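Multiple structures follow.
Common to both upcoming complexes is subunit A, partnered first by subunit B, then by subunit C.
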Partner chain A sequence: MSGFGRLVRAEWTKFRTVRGWVLGLVAAAALTAGLGLQTAAGSHSSCGAGTVEVACPSAPVGPGGEAVTDAFSFVHQRLDGDGAITARVASVTGRIRKPDVRPGVTNLVSGVVPWAKAGVMVKDGTKEGAAYAAVMVTGAHGVRMQHNFTGDTGGTTASAPAWLRLVRSGDKLIGYESADGRTWAEVGTATLAGLPDSVRIGLFVASPGDLTFSQDALGGVVSAQRFTEATAVFEEISVLGAAAGDAWRYDDIGVTMGPDGKPHHPGGHVRRGDTFTVTGVGDIAPVGDEGGMRIEQTLTGLFTALIVVVVVAVMFITAEYRRGLIRTTLTASPRRGRVLAAKAVVAGAVTFVTGLVAAGITVPLGRRILEANGNRVLPVSTLTEMRVVAGSAALLALTAVLALALGALLRRGVVAVTVAVAVTVLPYFLATVSVLPLEPARWLLRLTPSAGFAIQQTLVEYPQVAAHYTPVLGYYPLPPWGGLAVSAAYAALALGLAVVKLRGRDA
Partner chain B sequence: MSRHLRAEWTKLRTTPGTGWLLLAVVVLTAGVSAAVAAAVTNQPFDVPRTALAGVVAGQAVVAVLAVLMISGEYGTGMIRTTLTAMPRRGGVLAAKAALLTGLTLAAGTVAVLGSVAAGRLLLPGGQALSLTGGPVLRAAAGSVLYLVLVGLLSLGVAAAVRDQAAAAGVVLGLLYLLALMTFLIQDADWQRFFYRLSPMNAGLTVQATAGLQALPLSPWAGLGVLAAWAAAALTAGGLLLKHRDA
Partner chain C sequence: MEATIEVAGLRKRFGGVLALDGMSFTVTPGRVTGFVGPNGAGKSTTMRVVLGLDAADEGTALVGGRPYRSLRTPLAHVGALLDAAALQPSRTARNHLLWLAHSQGLPGRRVDEVLELAGLASVARRRAGGFSLGMRQRLGIAAALLGDPPVLMLDEPFNGLDPEGIVWIRGFLRSLAEEGRAVLVSSHLMSELEDTAGHLVVVGRGRVVADTSVADLIAAASGGLVTLRTRARSEAMETLARAGATVSATGRDTLTVGGLAAERVVELLGRDGVPFAEVGAHRATLEEAYMDLTRDAVEFRGVAR
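Then we have the complex of A and B:
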């Protein structure tokens, strides 16, 4: 066995023979799983249908597998094979509900929300979540080409009136815009894999709810989504294609049903000659945190494990100083840097395995329990789920190495534990549930060891979706692996400093 | 009792870390308060509470000071000398608690005054902060008491747990972990339950001056929760100290 291998074995022997540490880690894993599964088991949800409670319908899922909202007014006809639609969006107007000024009196003002959408669309049927491509005028983001909920390309025209054209050839869709209906510029192209021969083509209007945020008394943020609707006037409509001339049909796709069984905030359309006036409510977009629970929410117990891991890792080194064992250790292996490295390997590996077992049980099982209780859980790929599990374990391991290094640097257990907890948990706390505004909160999660919590993020931020992208709702400022890299850098830095200090100091 | 106090005071005074830790309580509390005040751009929902935000960080140093007062003795074996010289173990813990109260009262007052001063200078809407006003005075004085009670809670835990790293873990877990749990839980009823249970959330309710009717606890009742935690910890620590080998 190599010299370093023997050192690692010696440190492993020291670790596993202290009963309190082993029990502490087992308890940490059990607490993580227990708290996670307990909360999952306690979360129930059901939906009302008239006077009875039924299981909530599952959220529609887009072609890419993500949860989506797909609600809009659609005036459409059949298109077989290749074809095109051209229309002029003459105007877009709308109404927004604002907080009531007088109680009980609905406060509606006229206006269009920034991401209201009006334009032309090709869609694989009228089912929510079906593949689509569309060119549209938006409230404040100009002409855009969007497809399959996540794809988004900007055009040049700023606002209505605007001419829009969408051309289909096979599974390829090309969007065009024009100011005068004569010279056309391409906005973007989209490939809808597996688009069938027969699709629906037509005009659509959507208007996402108006988001407002206020602070709640407990320190969190309450978001409210208020009703908005948009109305667009379409002129000069022409459809080219094999089935051209088919009758127009209207669908209020994804409309919510009220308790009386009638549509709640329905859209609508009026045809006057060749002019269509279409009113729409809702949005065509991926949903974030408001679409359901996130799998990482089953891991709230990880904080317990984090504190136990910090205490055990600090004691792994400070106990040697307290008992004088450090002198034996350093006599037996005078190369001090390697001793600390061996300790870091053992502490990191042991806590990684602990975290892997805890998260590996909690996440998949917690998700099943949540789903069985009727909760909507945002769908994620297996790879993402594995990243959350392994990443959480890695975060525990990095925290253990950081705590070990702080223990070696500071030698006093209480100071090392406090500093380790203060730099890993406190910034997360301040960034998520305190009075701190968004920007400083984001900087805390970029610059401190708390950045590593980003590895748990399963939500995706979309620039074309207005939402509250804040840490408390599960959106971190750094990408998952980037955040973990920041934590790793802190652990490496602290370990490096500890090695230098251990070499230059009497034990 | 005065002899107990003198002995403990001599130990505390001659331990090199004490002065630095007291300084750290002031610097960290006022510093974090000032940083938050400088970072806030719009007038916050609760101005006094935002001005006192640094207490969340400063309490960790108070915990370190309190844990070291007793775990430090276990670490070096000094505790045996202490208990030989002063066999009335309850008296030893009481003397430590009295000294800790005095020191955190002094450091906490300076820290809170510093935070309020920083708030007046930096916080939008902070110019109106005045300690003559009832709710603001209650928030400020309550914050000092909060720090004192966190110290006593930590002292009790340290007397019970003895090992300093473990004691720090228990104290920080009680404070930060329970506070985080309150917000990570989805269910509103459980959230309010955890809020009432958590020594930090409940205790810091004493800082609240806005939206009081929406809080699960009144300000003083909240500080009472923390006081109950501190009393329970001190009792447990005292009993264990009395009936256990040192």
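Then we have the complex of A and C:
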């Protein structure tokens, strides 16, 4: 065995022969699983249908597997094979509900929200979540081509009036825009894999809720989303290749049903000659938090494991200073940097395994319990779920290495534990419990070792979806691996400083 | 490798205190070398420098001709006991030795062997935190023997031991030296090393004041003195003092005479008709010799109680 391998084995023997440390890690895993599963078991959801409680319908899922909202007004007809639709969006107007000025009196004002959408669409049927591609005019983001909920390309026209055209060729769709209906420019193309021969083609309008933020008394941010609707006037409509003799149909796709069984905030359409006036409510977009629970919410107990791991990792080194055992260790291995490196390998490995077991049980089991209790859980790919589990374990391991290094630098157990918790767990807390304004909260999650919590994020931020992208709701300012890299950099830096200090001093 | 410890010209300052001031000596195999001096003389610091734990400001310390920090499996070269209390209390005796063994690539079998050697086999699976100081010293010695090293270095191994334990360690150290090992044992009490050490390195104030065999040291300390037993103490003192001798009363009827040979003492006493029972050459005890040597080196001398 190499010299370093012997050291790692010696440090592993040291670790496993102190019962308190081993029990500490078992407790860390048990706390994570226990808190996660208990919270899952205590969460129940059900929906009302009239006076009866029923299981909630599952959230629609887009072709990419993500949870989506798919609610809009759709005036459409059948298209078999290749074809195209052209229309002029003459105007887009709308209404936005603002906070009530006088209690009980609905405060509706005129206006169009930035991501209100009006345009032409090809969709694989009228089922929520079905594949689609569309060219549209938006409230404030100009003409865009979007497809399958996540795809988005910007055009050049700023606002209505605008000419739009969508051409279907097999499973390929090409969007065009024009200011005058004569010269056309391509906005974008989309390939809808597996698009059947027969699809629906037509006009659509959607208007997502109005998102507002306000400061709460504690310093956090409160977001509110209120009802809006948009109304668009379509002219000069022509459809090429539509099934002969097929009439226009109207569907209020994804409309919410009220307790009385009637649509709540219905859309609508009016036809006057060749002009259609369509009113829509809702959005065609991926959903975050409001679509269901996130799998990483089963890991809220991880912070307790982090605290336990910090204590164990600090003691792994400070106990040696306290007893003078460090001299025995350095006598057995005069190469001091290697001693700390071996300790870091052992502390990192045992906590990684602990985290892997804890998260590996908690996440899949917690999700099943949540679903069994009628809760919506946002769907994620297996790869993402594995990233959350392994990433949480890695975060635990990096925290252990950082705590070990702080223990070596500070040499006093209580001081090192305090500092380690203050830099690893505390910023995460401050940033995610809504006591800080948004920007300071984000900076904490960029600059402190808590940045690594980003590895748990399963939600995706979309520039074309207005949402409250805050740490409180599970959106971190750094990408998952980027956040973990920040935590890793802190651990490496602290370990490096500890090695320098250990080398330069009498033991 | 050679079984030696070579220390040359070590100097080390802790803040304003000069802990080592040119410490130089060599420990050779086959005998127990006592490393004695008052508290604060620099014994422990020297040992820490030899083990690479402390860095000296000047000078070199070699084990078997090599600096300690260059050794890859150091416990196979030097076995050291610095502080018997340096243990994780919740770890068992066997597990304490086991991690040390693993750090040197030694098998668990070797751990059981040294536990047996140190007489700890029956308590091997007990937590070290519950050990008496004597058991901890034995565990420390077991750890020192783990790599079967040719050089052993023990700092105050007699501290806190009961008489039985002291006898055990003395015999054990002698047998280790007889196997051809170099054994360096520090103590601040010369009496602990009597009958154990064949050679002595006496230190005070960070430097060596004597590096000698035990026999030579006692002879030197006894040098030229005559012991006289007589009932007529005052007459004898008067006679001998008149002849230029330094005389001191060391017992009720005993005088120690310096500056005169034994034959001359007999002649003088006979001439003046002073009765005496016995005249002989004086033999100092090791303790006396040590006190002589370190009188100037004791930094914190006790004031008469």
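Keep this in mind: the second predicted complex is superposed on the first by the 493 of 507 C-alpha atoms of A that agree within 3 Å, B and C clash if a C-alpha of one lies under 4 Å from a C-alpha of the other, contacts with A are read in each partner's own complex, and residues count from 1 in each chain.
Assume a residue touches a chain if its C-beta (ideal position, glycine included) is under 8 Å from a C-beta of that chain, and two chains touch if they have at least 3 such contacts.
Remember, it's a predicted structure, so these values are computed and weren't measured experimentally.
Legend: residue contacts after superposition of the two complexes on their common chain; A:V401 is shown touching neither subunit B nor subunit C. In the superposition on chain A, contact of A:T432 is made with subunit B only, not with subunit C.
Legend: residue contacts after superposition of the two complexes on their common chain; A:G3 is shown touching subunit C, with no touch to subunit B. Legend: residue contacts after superposition of the two complexes on their common chain; A:R327 is shown touching subunit C, with no touch to subunit B. Between subunit B and subunit C, B touches the greater number of residues of subunit A. Look at A:D506: by the touch rule set out above, it reaches subunit C but stays clear of subunit B.
Looking at the shared chain after the overlay, A:T13 reaches subunit C, while subunit B stays out of its contact range.
For subunit C in complex with subunit A, the touching residues are 48, 51-55, 68-69, 71-72, 74-75, 80, 82-83, 85-92, 95-96, 98-100, 102-105, 143.
Subunit B makes touch with subunit A in their complex at residues 35-36, 39-42, 44-46, 49-50, 53, 56-57, 60-61, 63-64, 67-68, 71, 75, 163-169, 172-173, 176-177, 179-187, 190-191, 195, 201, 208, 210-212, 214-216. Interface of subunit A with subunit C (complex): residues 1, 3, 6-7, 9-11, 13-14, 17-20, 319-320, 323-325, 327-335, 506-507. The touching residues of subunit A, counted against subunit B in their complex, run 39, 42-43, 215-220, 293, 297, 300, 303-304, 307-308, 310-311, 314-315, 318, 322, 407, 412-418, 421-422, 425-426, 428-430, 432-437, 439-440, 472.
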